[in-house]
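Encoded as structure tokens, the structure appears first; notes follow it.
Chain IDs A, B, C and D follow the sequence of writing; residue 1 opens each chain.
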Amino acid sequence: MIGGGQGAFIGAVHRIASRIDDHYELVAGVFSSDLEKSKLSASELRVDPSRCYSGYEEMAEKESTREDKVDAVAIVTPNHVHYGPAVSFLKKDINVICDKPLTLNLEEAVSLVKAVESSNAIFALTHNYTGYPMVRQARAMIKDNKLGKIRVIQAEYAQDWLTTNLESKEGEDGYKQASWRTDPKRSGAGGCIGDIGTHAFNLISFTTGLNLKELSAELSTFVEGRVLDDNVQVMLRYEGGAKGSIWSSQVAPGNENGLTIRIYGEKAGLSWNQENPNYLKFSPHGKPSVTLTRSGAETHPDANAVSRIPPGHPEGYLEGFANIYSDVANAIWEKIETGKATSQFIFPSVYDGLNGIKFVEKSVESSRHNSKWISFS
Amino acid sequence: MIGGGQGAFIGAVHRIASRIDDHYELVAGVFSSDLEKSKLSASELRVDPSRCYSGYEEMAEKESTREDKVDAVAIVTPNHVHYGPAVSFLKKDINVICDKPLTLNLEEAVSLVKAVESSNAIFALTHNYTGYPMVRQARAMIKDNKLGKIRVIQAEYAQDWLTTNLESKEGEDGYKQASWRTDPKRSGAGGCIGDIGTHAFNLISFTTGLNLKELSAELSTFVEGRVLDDNVQVMLRYEGGAKGSIWSSQVAPGNENGLTIRIYGEKAGLSWNQENPNYLKFSPHGKPSVTLTRSGAETHPDANAVSRIPPGHPEGYLEGFANIYSDVANAIWEKIETGKATSQFIFPSVYDGLNGIKFVEKSVESSRHNSKWISFS
Amino acid sequence: MIGGGQGAFIGAVHRIASRIDDHYELVAGVFSSDLEKSKLSASELRVDPSRCYSGYEEMAEKESTREDKVDAVAIVTPNHVHYGPAVSFLKKDINVICDKPLTLNLEEAVSLVKAVESSNAIFALTHNYTGYPMVRQARAMIKDNKLGKIRVIQAEYAQDWLTTNLESKEGEDGYKQASWRTDPKRSGAGGCIGDIGTHAFNLISFTTGLNLKELSAELSTFVEGRVLDDNVQVMLRYEGGAKGSIWSSQVAPGNENGLTIRIYGEKAGLSWNQENPNYLKFSPHGKPSVTLTRSGAETHPDANAVSRIPPGHPEGYLEGFANIYSDVANAIWEKIETGKATSQFIFPSVYDGLNGIKFVEKSVESSRHNSKWISFS
Amino acid sequence: MIGGGQGAFIGAVHRIASRIDDHYELVAGVFSSDLEKSKLSASELRVDPSRCYSGYEEMAEKESTREDKVDAVAIVTPNHVHYGPAVSFLKKDINVICDKPLTLNLEEAVSLVKAVESSNAIFALTHNYTGYPMVRQARAMIKDNKLGKIRVIQAEYAQDWLTTNLESKEGEDGYKQASWRTDPKRSGAGGCIGDIGTHAFNLISFTTGLNLKELSAELSTFVEGRVLDDNVQVMLRYEGGAKGSIWSSQVAPGNENGLTIRIYGEKAGLSWNQENPNYLKFSPHGKPSVTLTRSGAETHPDANAVSRIPPGHPEGYLEGFANIYSDVANAIWEKIETGKATSQFIFPSVYDGLNGIKFVEKSVESSRHNSKWISFS
């Protein structure tokens, strides 16, 4: 693991997610850029001190020569420290599980795609919301043409934790998270759009399989002193004619982690909300709406494959995240058996990551040009 | 009443709404452009045949000379038959309750504003959703600065009844409603945006009091053979810096009458949904969300003034509509006492109607220019 | 109208309900036992002073001799003043619409049944919750055997307004309502069980058509100084083997008017909640649950017959109440045409009222005997 | 681990729960009564074959003499195989985590209490629903007197999976689970009441701290050929005057795992539903209801101590279950440090288990005596 030391949020999430299905064990890492702090974390995490490294280059170097080298590395650092470690491990053909967004900017992203393509390593991006069983259900139903041709997609991801200038209040709860996520040097050109807007964008791609043609964006910054956007409107034109919209905000009081997607086709509609993720509303036109439940009646094998417990026993965020880890584990087993890292898996890939970075940069560009429609290709 | 004969939807709604608080009695009308049909409806409605007129001009003429003339006329015809009757009655200083949108186009709207201004008659536009008690509650809370400065408004109005080409299927259930609402000659330049988008737009104005500065719109038509838009995205920039968005659709399966508004300020957020209208979610930043209930604890006198029954006994669409009628009745009483039709009432006015038509026409213009931002002034 | 003067709650509800479908006009009444107050109310209600009577006997006497006599009388007084007026009007063959519960006690109820049977008048009891379209839908689906044999019924009716000793606080909001509803001389042997428990009991009968065999009840009084019950548990054994339960409470903070019924059969389940009454959840065993919406897809003609507006436009308590009034109006028309008051209508009858009083008295008896099972026959 | 081999449901749940917070590793077990099957499971679970034992006696014997002996044993067998293994391990002072209900019958339960009392081992019963953060929140609020004196408790636990005679359909999905859960030899005197009713009963005790005084029960069996109850009504009288009710059913179509508890006191009410477990509705009397969210504003340290991720990122059943495991881990650490197994922990104890068995047996007794009130002491 790269990152994820004390005070981090997502590192702990990755560790729990990796344990849930018992496919992983944490054996090595660089948990902080400060070696002392890193060692402290290593000790807490019961990682052998000899495998707690001073930096990712050293780790990639040394681990790659061990017989019992790591099967995969998880990169859970802020955005500006994704590219470096990813490339280092890919060069050693060590599989990479990387947090989103992919990189700090498009240049890095394009270069990382090449690194993946020239490596014999699996690369997975933790757009974790694609791991939810009912998201898999939505994807499967759309593939099976239950909605007919897609016409309209409404996605939103609203939070409220940056309603005030948290990033300036050192020592406050949430300060560490707020400070790097609102800092262009560490986050890139997008604030809210990069942090959570990319999840919404990826969720549309994952479920519908549609390719974006053009976008028109309006990025706003409401909190005084903030540099990056904290509220985002994007209108989307997809190939084939579907129209979409993403609203993403971190200044919307009453929204904790409000990721919602609604998809409407010629024959039916679907609606899913991350905060109550075990249910999927399916509305065939001209019939009453149906509530599909995780592992419940008439669910798809693709959804059931990533469910652990019976319907009515709620699974949540960590289980969805774990599904990404377990999908990667399956891919790793396949690679071990076949010797090859095949690139077409159900989990988000480096190409999804590239699209995410393009989505951020093109939205920023559109917004700077008075919401002009920008081609996505 | 002008319009509202057999097969009409909104006419019956107006009649029930007018009866609920016992302020009105139906005594005269032109219920159809076909006099025979009109008389049939008059008979069913127990209206004296001698006051069932051949046209609105005749009615305005004759009623205005009676001692027991009508106190107000309700215009419930398709959009292209709003302007004519409205002007006829205004000229006779007969109060007018007119369905929305105001007129067929901006020219008529501007002219109607003048007609209202030069008349001693009350003019009310039935943007009925402003009549819901919890909408009044939202408006009052925003006036009382419970939200702080408004930053973001997300409004949507989604339906599914035009998912297929209903307007072409004569004889089908809904045909009559669908056919005029999708016909530019009777509806004007906007389809979905005029029919329901204007409600969402008006609801933002009513609750927040904000003035629109600019808009950028993307109108789409998904159903083959349809002339007007059936799905609408509009981004909004308000004076003072607030950003808004309206999504309006009539091709979204699973949405019956999904009018929802969410308003976020520096201090708190509010959320209201028309399909379960007795509740208002209030989310002060940094505190748990609170569910305000109609007539329940901590509600505002403005909301309670338009409630009839205790909390938990749901009021609905007709009661909200009735509140507009009762507000108008109060204004009529005031006029009777003072001799003057004062123009500043809580119910939607001709100016709201003008703004609605501007909203439609400028959205159409923006959409035709590739979603260019258009000034609203 | 008997009762329903100033300060009353249910009188105003009856008046609105009677107006909604334009079948009734209020022309006579005794609005208070105090003639002066009654006249004041009459004036407010625009009732001709000559038809504002000093008592119900006088009204029955005088109205019955008029050519333009009332078509029906609504009795909206506290429970102890139901029997007297009902009998007086029935004797004159004037149709009666009476609020629930039927009478003060079983003796009166039995006697009233006889009065109805020997009269040529229609008698309707306003168990208004049976008027909701989705309650009619539930009833129709059960009749059509969509649930198979009924096994379990869970009904509840919870409120919170009597959480404190409101009845002792003269001058307080709700005092007048609280004082008679907690007074055995005016309410009868049951407090909460009579006031709202009877509604839940009636709703089970109405929807399932089942006959009660035995009951076991536990009545409690939690508020100091209160004489009658304010929390009720009843276990129910129905003929044919179904088991039921009613929980009714007026001391449950957070419950405004929480009437809910859930019915489970061999093949499917149904669930309906009065506070969001336009929806009915239908759960066929082994299939996903379906949400039926008022006037929406796959609804029953019996439900649609009592709906006024399209799905998504919520109807509420007053519309449900109005449906009872309109059903009675239809029965009155039938009587006018045929000369006979037929007794089998869809609206709650004097026999339902008798069962309600039996339910109260037998529950009280069971509770006094340590929740002993008591035969209902 | 004792039990939990192939085809088992709860064994896998225990294993995931034990891993989530990284306090446990599975190293030994008896996964089936059939040694061959057990070894197969051991191999799949990567347990050293030398620590896969032929029976629990052997395991207790041999493990207790190892230096690296197990820190705790999880007993996840059907009810009739709880007592034997529990006693065997307790005798060796090996800590026990046992699934509920405690034992097959009261005699075993009483005896097991003694075994715990005379052992220096921790004993925990996995009434896992007590592990949910918002259940901890409810408990803490009640302790802090936010509700005032408790008056009414409504608990229910409804499922639908036994709506048909699943236990007779060998080879069907769910057959294995259904067959032992409906068999008195393996489940004890209670069917539904033991399997899930005990959870509801325990949840009342855990949150309110109230002691039961008397109960009156009505147990029913609706499915032909079934021996044990599948629908349960219990009325409860608690010491101090609170009244409660439990409805538990496994034949209620549309209910997947519907565990709900509502608690009403003199000052406020609380409501929690297991299927959407991250929220707790708090209703102070005379004020609007508030929605508390896991880890959100104004939550209690006791709840936050068992939360892993921010509000809006749902935790579920497995995380709640894991909280029991982690609480036990903390107790084990304490025992390792102090040498003593202290008995007063937040997790459910053998005394809770004893109460659960008493609840089952006394409910059965009451039901056999026509729902007679039975003293619980």
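As a working rule, contacts are C-beta pairs under 8 Å (C-beta built on N, C-alpha and C of every residue); 3 or more make two chains touch, one makes a residue touch a chain.
The shown structure was predicted, so the numbers you read here are calculated from the model rather than taken from an experiment.
Student: Which chain has its C-alpha centroid farthest away from the centroid of chain A?
Tutor: Farthest chain from chain A, going by C-alpha centroids: C.
Student: Which pair, B-C or A-C, has more C-beta contacts?
Tutor: Taking the two pairs in turn, the one with more contacts turns out to be B-C.
Student: Report the inter-centroid distance (CA atoms only) between chain A and chain B in whole Å.
Tutor: 42
Student: Suppose each chain is reduced to the average of its Cα coordinates; what separation in Å results between chain B and chain C?
Tutor: Going by mean C-alpha positions, chain B sits 35 Å from chain C.
Student: Measuring from the mean C-alpha position of chain A to the mean C-alpha position of chain C, what distance in angstrom results?
Tutor: 55
Student: Would you please write down the residue numbers of chain B that are in contact with two or more other chains?
Tutor: Counting only residues that touch two or more other chains, chain B contributes 255, 282, 289, 293, 296.
Student: Where on chain B does chain C make contact in their complex?
Tutor: So the residues of chain B in touch with chain C come to 9, 12-13, 15-16, 19-22, 159, 161, 255-258, 274-278, 293, 296, 308-319.
Student: Could you list, by residue number, the parts of chain C that touch chain A in their complex?
Tutor: Chain C residues touching chain A: 282, 286-293, 296-298.
Student: Within the complex, which stretch of chain D touches chain C?
Tutor: 151-152, 154, 156, 160, 163-164, 216, 218, 220, 222, 231, 233, 235, 237, 241, 243, 245, 247, 249, 251-255, 262, 264-269, 271, 281-285, 289, 370-371, 373
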